[in-house]
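First chain A sits with chain B, and in the next complex the same chain sits with chain C.
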Partner chain A sequence: MAIAQARNVDPALIQRTLAQHKPQIRFTLAVCAHCSMCAHSCFLYESRREPKYMPSHKMIHSIGYLFRKKGNVGLQELHSIGNIVWNRCVLCMRCYCPLGVDIPYMIGLARRICREQGVYRLYDEG
Partner chain B sequence: MIKVKRKPFQEIVEAIQRYPTVLSVGCGGCASVCLGGGQKEVRLLNEELREYFLQQGQEKQFTEYTVERACNMDYVRELDELVPKKTVVLVMACAAGTQLIAERFPDTPVFPSVNTVAIGVDRDIGLYEERCRACGDCVVGYSGGICPITRCAKGLFNGPCGGTNQGMCEVDDAIPCAWQEIYERLKRQDRLQDVMKIRPPMEWRNQIQRTVVQAGYEERYMQEE
Partner chain C sequence: MYAFVSGPLALIAFIVFVLGLGIQVFRFFGMTREKEPLNISFPKPRQKDVDALRPPEGVSKKVRLKGTVLGMEPFLAIVTTLFHLLLILTPILLLAHNLMIERAWGISPPSLTEGVTDVLTVAVMGFCLFFFLRRIVSARVRALSTAYDFLLLLLVFLPFLTGFIAYHQLFAYKTVILAHVLAGELMLICIPFTKLVHMIFFFLYRFLLPGEYSFASGSRVWR
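For the complex of A and B:
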């Protein structure tokens, strides 16, 4: 599915949103034990069996990446995150973490950051 | 999924006429998928409204924001900072999402800028057909997978009316008779006996507000006596 492409990135806007959720993101990244228990709660992972569909993988490579980079990402990186959060996740909110990480919330946050930069899914293009 | 369609432009204009600062909220769920109220549609609506009011000599401030799901409070909360700074909110989500936003911000007028039209199927990009009216007591099991409530103009439960004509409906020659289609399909599956039994009228449960609690979750939401 096509993703709307941004013309440029506004790191200050990303940093603002990251700052608003800093405690939750920091907690998430510290607590995730990479146990992959969440994998089986994702129907996309269950049907494709590719690690890139694991909820933890999607979370770490979207919001985790943005957080580690402190919002300083380029267009290509932002579009790659857009691809993860829209094309590899439908936000069905059924993913489950035994350690209590709110994975859908984190992926929703990555989507929010992408939307703020003009990167979002286009449903009228293939 | 739920299908929405933008309201007539003039109706939206009238709703926000007296308010100087407008927040248009889109929904990243069903409304986006049916091209009725996603991020793109919100931006287009705001551009049209801005242009219209400028031509009328009125300067209004338009802001846009799209939440992932307007029907989920976790996402509606994202508007907490934005809404109090605005005098009116336009919502491009289904009526459920619009009501949740209105519930969250009871001090701010909230207007829908789309009509919630149907629960339907995707025929093509931008082309959708209604298939369900959420009656709460699905009957398509006995009617061959064709909903007589949605597809029959009279919503009949026990066979066609006298207006069926060569497989078409008396309401319009271009509309197929739902009961003709039900008959054909059941005949093909050799289960015409399914429609030989008289079905009682629908207990119109959607006349009162319904709450859905899925099996296994009853205890969690059980009210204490």
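For the complex of A and C:
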């Protein structure tokens, strides 16, 4: 599905959102044991069988990446994160982590950051 | 050296472990808050509507199991459960550990025989090897694995390996037992501050999960 492309990145805005949720993000990334047991709970992973569709993979490479880079990401990186959170995840909230990690919350946060930067889904353009 | 490592240093390791976990529990409750109750009243559904939605007897359980990790990947679910149980129970039920506790504090916790704990130790090491190979062989896990994950696995593996070697006195006993105590203390100190913290967060997260295996009805949300 088409995604609106940003013209530039505003790292300060990303940093502000990250700072608001810093403890939760750090906490979540610290707990994820990289066990991959969440994979089967994602229907997109189930149909495609590619690791990049695993809920944990999507979380680590979206909000996790933004957090590690402290919001200092380029346009290309932002668009690739946009592709993860808008196209590889439908936010159906069905992902299940055996450790209890709140994956949809984290994906939702990454979506919020993308939206703030002008990277969002263009529903009318299919 | 051994007296220091098994005395004051062990005490420090236990204090860091307990305090560290306490701080993490405190942090968790600081990061979350009690959910506001929804003030919406739904009409009570009619019994015949509820019955119509219920799957037939027998099918229900099968379907429910199919949707769980145990239903999807039974081998992995059993191995990981056993691994975590033995990881905690083996050192607690080990006779040599409990004899030291008895000598120090005069209380004797229940112990298994040395033969049994020896087998359990080998099992834990086998499980560690399984998780190591899984991180390399499975494309899914490989996609997520970092050097840090392997390091943590090693951190868990070392106390069991050194303990096994020390018990069988395969090498220089004094050196191995020193390495064993140090490895155990290092693991304890690392638990609250590394990914191993899932030891406590596994339970804490239950406060955030409404409906599924939750504590307090999953009544908390992120602040």
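Please note the rule applied: the second predicted complex is superposed on the first by the 125 of 126 C-alpha atoms of A that agree within 3 Å, B and C clash if a C-alpha of one lies under 4 Å from a C-alpha of the other, contacts with A are read in each partner's own complex, and residues count from 1 in each chain.
Note that in this section a residue touches a chain if its C-beta (ideal position, glycine included) is under 8 Å from a C-beta of that chain, and two chains touch if they have at least 3 such contacts.
The shown structure was predicted, so the numbers you read here are calculated from the model rather than taken from an experiment.
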Partners on chain A (chain B, chain C) - clash or fit: fit
Following superposition on chain A: angle at chain A, chain B versus chain C, Cα, nearest 10°: 110
Partner chain in contact with A:123 - chain B first, chain C second, else both or neither: first
First, second, both or neither for A:115, with chain B first and chain C second: first
More chain A residues in contact - chain B or chain C: C
Partner chain in contact with A:34 - chain B first, chain C second, else both or neither: second
Touching partner for A:57 - first (chain B), second (chain C), both, neither: second
Chain B versus chain C as contact partner of A:105, first or second or both or neither: both
Which superposed partner A:91 touches (first chain B, second chain C, both, neither): first
First (chain B), second (chain C), both or neither touched by A:2: neither
Which superposed partner A:13 touches (first chain B, second chain C, both, neither): neither
Three-chain overlay, closest Cα atoms of chain B and chain C, distance in Å: 5
Contact residues of chain A, present in both the chain B and the chain C interface: 105
List of chain A residues in touch with chain C within their complex: 21, 23-24, 27, 30-37, 39-40, 51-52, 54, 56-57, 60, 96, 98-102, 105
Residues of chain A touching chain B in the complex: 4, 91, 93, 105, 108, 111-112, 115, 120-124
Interfacial residue positions of chain B with respect to chain A in the complex: 28, 32-35, 38-40, 66, 68-69, 72, 74-75, 78, 125-126
Chain A contact footprint on chain C (complex, rising order): 27-28, 30-31, 69, 72-73, 76, 80, 138-146, 149, 194-195, 197-198, 201-202, 204-206, 208-209, 212, 222-223
